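What follows is a short report on a single structure.
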Amino acid sequence: MRIEGSFVVAAPRERVFAEITNPALMAGCIPGCEAIEVIDPKTYRARILVEVGPIKARFNLVVEVKEEVPPERVVSITRGEEGTRASVISSNNELVLAPAEGGGTEVKYVAEVSVTGRLGKFGLGMMKKKAEALGAKFAENFRGKIEAAAAS
Amino acid sequence: MTLALSINGRIRQVQAGLSDTLLTVLRDQLLLTAAKRGCNQGVCGACTVLIDGRPQRACLSLAANCEGAAITTLEGLQRDASMARLQKAFAATGAVQCGFCTPGVLVSAHALLSHNADPRTDEIRAGLSGNLCRCSGYRKIVDAVAEAAKEAKP
Amino acid sequence: MSVPGFHRPKSVEDAARLLAETDGARCLSGGATLVAMMNASLAEPKAIVSLAGIPELAGIAELANGGFRIGAMTRHAATAGDARLAGTLAVLRDAARQIANPVVRNMGTIGGSIGFADPAADYPPALVAANAEVEIANAAGRRRVAARDFFVDWYTTACGPGEFVTGVYLPPPRPGAGLYKKLARVSGDFAIASVALSAAKDANGVSIRIAVGGCGPRPIRADAADALLSAKFGDAAAAAAAGEALAAAADPVDDVRASAEYRRLVIPRLVAETVAHARAALEAR
Amino acid sequence: MSATAKAVGAALPRAEVREKVEGRAQYIADLYRPGMLHGAVLGSPHAHARIKRYDTSEALAVPGVHAVLTGDDFGDHRMGAFVKDEHAIAKGKVRYVGEPVAAVAAETEAAAKLAARLVSVEYEELPAILSPEAALAPDAAIIHEDVASYFKVFDTGSTANVCSRTSLTEGDAAAWDRCDVIVEGRFATQPQAHVSLEPCGALAEPDATGRVTLWSANQSVFRVQANVSESLGLPMAQLRCLTPRVGAGFGNKMEPHIQPIAVKLALATGRPVKLILTREEDFEIVRARHPFKLRVRTGALKDGTLVAREVEVLLDGGAYADDSPGVLGYSLFMSPGPYRFRYMKASGTLVYTNKLRFGAFRGFGNPQVSFAGEQQIDEIAARLGLDPLAVREKSMLRPGDKWFGGAEVGSNGLEECIARVKAASGWAKRAELEPSAPGRKRAMAAACTAHISGLLATGAIVRMLEDGSIVLNTGAVDIGQGSDTALTQICAEALKVPIERVRLASPDTDGSPYNWGTTASRVTYTTGRAVVAAALEVEKQIKQHASEMLECDAADLELRPGGRVGIVGVPDKAVSFFEVSARAHWARGGPIIGHNSLVFEKPSVDPKRAIAVGLPFPQIGAFAFGALVVDIEIDETTGKIEVKRAWSAADVGRAINPLAVEGQLEGAFVQGMGLALNEEMVWDGPRLANPTLMDYKVPTTLDSPHEIHSIIVEAPEPDGPFGAKGVGEIGINVVPAAIANAAAIALGKRFNALPLTPERVLRAMLGK
């Protein structure tokens, strides 16, 4: 399952890069993120609640940053499971920050997500549709936070 | 948790948790195995039984929700004249191959004939469109239902 | 002595209270959707609130103003078979008739179906075309939401936590036609794309409502499309323009049933065909 | 049935139909044993990964768990029909998403499933190979590193990710120079799921000595015995394999599924263990029809005479060989279709990928190659302005012709098949067909096919009981196609007894004669011959007894209907089987038993006529023939194709039971319609995206035409039982091709890929 999208933030790349690698801020942007914990500079643990219709899935994830090329690129791998390993999720993520006209930054994200277990079998269609919505929500939250901070 | 269900005209005591379906209870506890599990998602029709006279999916009916309902399985229709005509016609026209879909098809056909005694071919096909069969190509099944309906005419 | 966690309240208020107070409780109407998800361990409710014991939720009642109230527990088979849903309301009957198959239509309910809100399901576009309203209950009381606002996103409706659908309100049927055209891979499958259309015809002309299903997070409608069709009903160019407007408003996805691109391609063609059939039905009256 | 009524040729109801219509028939999931535990498996989340280590502690802690098994509990034994490349459970490596990695036996199904999820496995991920092209790339990861060392039953030519390659060539390539018209094209078909309505399952029960009785959904108790013993390293005699009623197979139960794991769980717990796959596991774990990529070239003279054809195929075999080498070989063997070609070259490669194994499915490669070949004949006819069936009649194989490669063709009723479908469909006036509504296009088209019925080994034992009634034991599993009834009719006919006097013993590896399997349309022909031969031995013993009882020469005796034997021409000089059997049991000779064993021995290829490389089966034959006409309509708004009518004729040599023959042709047509119009297993990266019946849809009553006319043609096969040949698969082979031909006529567009979804058809119509 491939999830991709892009959005523009009215803030310079360096600023966006700093925030995107700041777990506390990210926690507030990722929809359904209930907790984020830094294990080491390259590894975070996150608990995310995903609701798709009547399905409630609480994922315990470990995010490992594989590559960081400030201010333009972050590559990470997410591993995790849900409930008593009812579903297992793994995803290879890439964030690319490109300068947008007017001094803003275009954030492009691509995630190659593999879900097995109950959600993988039955919920794949629903998950894919929900994932796109989650991506859009993340963009909205993230832009809101950055632009608010820039304005103040 | 013990539950009293009316099955084929008799009250049967069964154990059921919140997520146990009628199909599981029928098959694993009461050993009434005519209703089959082909998909457990309400698509294939092999688990069709009558609940208060209407054909429904046993796999999508929670046992807990069946309290007070009259449940009839193929095993409970052995002495029913209309079912006897269907069984005879299914045997004679070659409408049964592997037989895994047959119980569900017979229950749906029985319900169809109970409210439309003389259905046209297209009505039979519409009435059975919720029962998958992978062996027959459906034609002999539809012919058998028409045959049984013809037999019923005075 | 029922199963622990299984509740069968006698009133909407009791049901609402139970849903609000019981952790992990879920509403059970016909079971066609919820139990399928429980079997797939996609939903694991700790408690179930069955609506089967609430008399007011069953059946289709004619209202004083000539419209109808369809109780949330009304099975698709009953809606499909109710001849009173005529004229412009026939769109709902035509949709109910094409849901899944006869056996599932004996189980599935209108409340359960629209509560789950799969946009490829048959009721959402039909209710929008019928200009229906959905009644939602919670512990505090009830409210009504227009169908076009009830469906919010993929599997997401205006119902908040602890809220559930108690019924659907239909305006009085107006003379005219109502039809639902469904394109699916095989009979009984969810729609690749569908068009729901109601056409009221009276002395001073025709008034059309049209909605497209299966091509976005919720039923697709466009004021421009309704206006175009109402103004020049029967004019091929108007129908084509309306189709393009709806295709532009659509937000289809690639899934196992078809590609987004095909859905965009087929929407104007389905709209044109549905309008032609509706015109023929109107002329036949 | 009265004593005189015929058995063979009678449209009798199925022997076991009573229990099926009363809901008493017992399938694998309906069996319960005292002390029975429930099994469950954990599927691999990765398509390609090494297994580093297991942690079963959490799983073992689940209440009610009796055993948790992983690859470490299984020896390094491998099974496989053609290439022994498969363990009973993933061991050392996982090769497709969903592949069983761990197995659990517990008191309840819920506990077993929970525990299976809690087995934690540490993997080292490897690059996933998800297409044949990726598998053939020079730097591709190798799926079976030690493929060279695997035991192989024929010269497969396995190397790197190539599992096997085959080629068959006959005639002189110079024939191309004589062609006036040559059509060439690339074609692709899609993976199709069997969707036998019964998911796979097994129930294994050990006895005190460790011997295991195994019931399972299968198409051959002997293949189950062989696969389980090979994959667990058990002597075959330690396994007794039985069959309950089987809820259809179509090929997905011919080779093993969950049996080896069920047996290992039973041995580990000392308890009966029942393991029934969910529908979703059946989609993800077992097997499916091979997607083919084909390049085909066909050349003809301007009068339509077919001259030359070259076929090249590339097969995605999935993670394990299974029956794939057979499918590759058989598809090439059938790729000319039932026609004379002066030059014919068919070659192909089968590659491993990290998807579930592809294996036997009704047609066994024939539908795939026919989708290309039968369209090219229509293309030639169109270019030459000739009637497509006339072009086929001009070049069709005639009685006495050999098959491609030189195999002997016994009887050939193709000409009558074509004539009958032409007449029944009103073929001559097909241009006058009117669409049933505006906005629709209508067309009629045709295709022809052949299929084999004879291969490998079988046997039959016919025993006369004390009262003169008969017990027939053949070891052939009835998966719903009606072999129990057909074989009983053959035996009753051979001994001239009413069918009720013959009982068929259920297949049992302890007592039944060997039978390779219910597959390749072979049981009526191959096993039927053994039944006739075994019955003949019984007849000889009866006549020996009667000659002594009636004091006459055995040669003067004849069997008489109803279980009697008498002197020819002397109506009242006769004795009953009861009297003969009583004498045999109590006085002379001993109980009467007839037995026959045979293997199909006719060579597939004549080395003087053809060059074969890597042919996986040296001896197949007994050809049945078929012709199909379809009448379709295309909705111009959506591109959706609807099949209105179909006429399917098949030369089955002799219809042992006409009802069953019609059932095979009608069922095969609708299953072929699913393959043609909408069925497709879709992958989302390494995962199967539609492993449920909500997302993988098969035709319902409303998607299938009521007018499917099955037409029985009988050109008796010289050594067939009463002339009979096979019919199980022939009815599916050219359904996609015929529908594609009709779509091409209706729209003037050729379709080179399946399925013909509304999307694909509308794009072609709009040139998008």
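The chains carry the letters A, B, C and D, assigned in the order they are written, with residues numbered from 1 in each.
Everything that follows uses one rule, which is that a residue touches a chain if its C-beta (ideal position, glycine included) is under 8 Å from a C-beta of that chain, and two chains touch if they have at least 3 such contacts.
Since the structure is predicted, the reported quantities are computational estimates derived from the model, not experimental observations.
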Handout entry: Neighbouring chains common to subunit C and subunit D, by label
Key = A, B
Practice task
Report, in whole Å, the distance between the mean C-alpha point of subunit A and the mean C-alpha point of subunit C.
Solution key: 34
Problem - Cα-centroid distance, subunit A relative to subunit D, in whole angstrom - result: 48
Problem - subunit B and subunit C, separation of their C-alpha mean positions in angstrom - result: 29
Problem - Multi-partner residues of subunit C (at least 2 other chains) - result: 36, 40, 101, 187-188, 256
Practice task
Would you give the residues of subunit B that are in contact with at least 2 other chains, written as numbers and ranges?
Solution key: 40-41, 43, 126, 129-131
Handout entry: subunit D residues counted as touching two or more neighbouring chains
Key = 280, 689, 692, 694-695, 698, 700-702
Fill in the blank from the handout: Chain pairs satisfying touch are A-C, A-D, B-C, B-D, C-D
Problem - Complex contact set, residues of subunit C against subunit A - result: 26, 33-34, 37, 40-43, 116-118, 153-156, 217, 253, 255-256
Problem - Complex contacts: residues of subunit C adjacent to subunit B - result: 1-6, 28, 31-32, 35-36, 38-40, 44-48, 50, 52, 77, 100-104, 106-107, 187-188
Fill in the blank from the handout: In the complex, subunit B touches subunit D at residues 27-28, 31, 33-41, 43-44, 46, 73-75, 78, 86-87, 90-94, 96-103, 106, 121, 124-126, 128-142
Completion exercise
In the complex, the residues of subunit A that touch subunit D are 1-2, 84-86, 88, 90, 112, 114-117, 120-122, 124-125, 128
Exercise for the section: Report the residues of subunit D in contact with subunit C in the complex, numbered from low to high. Expected result: 280, 439, 637-640, 678, 682, 689-690, 692, 694-703, 757-759, 762-763, 766, 768
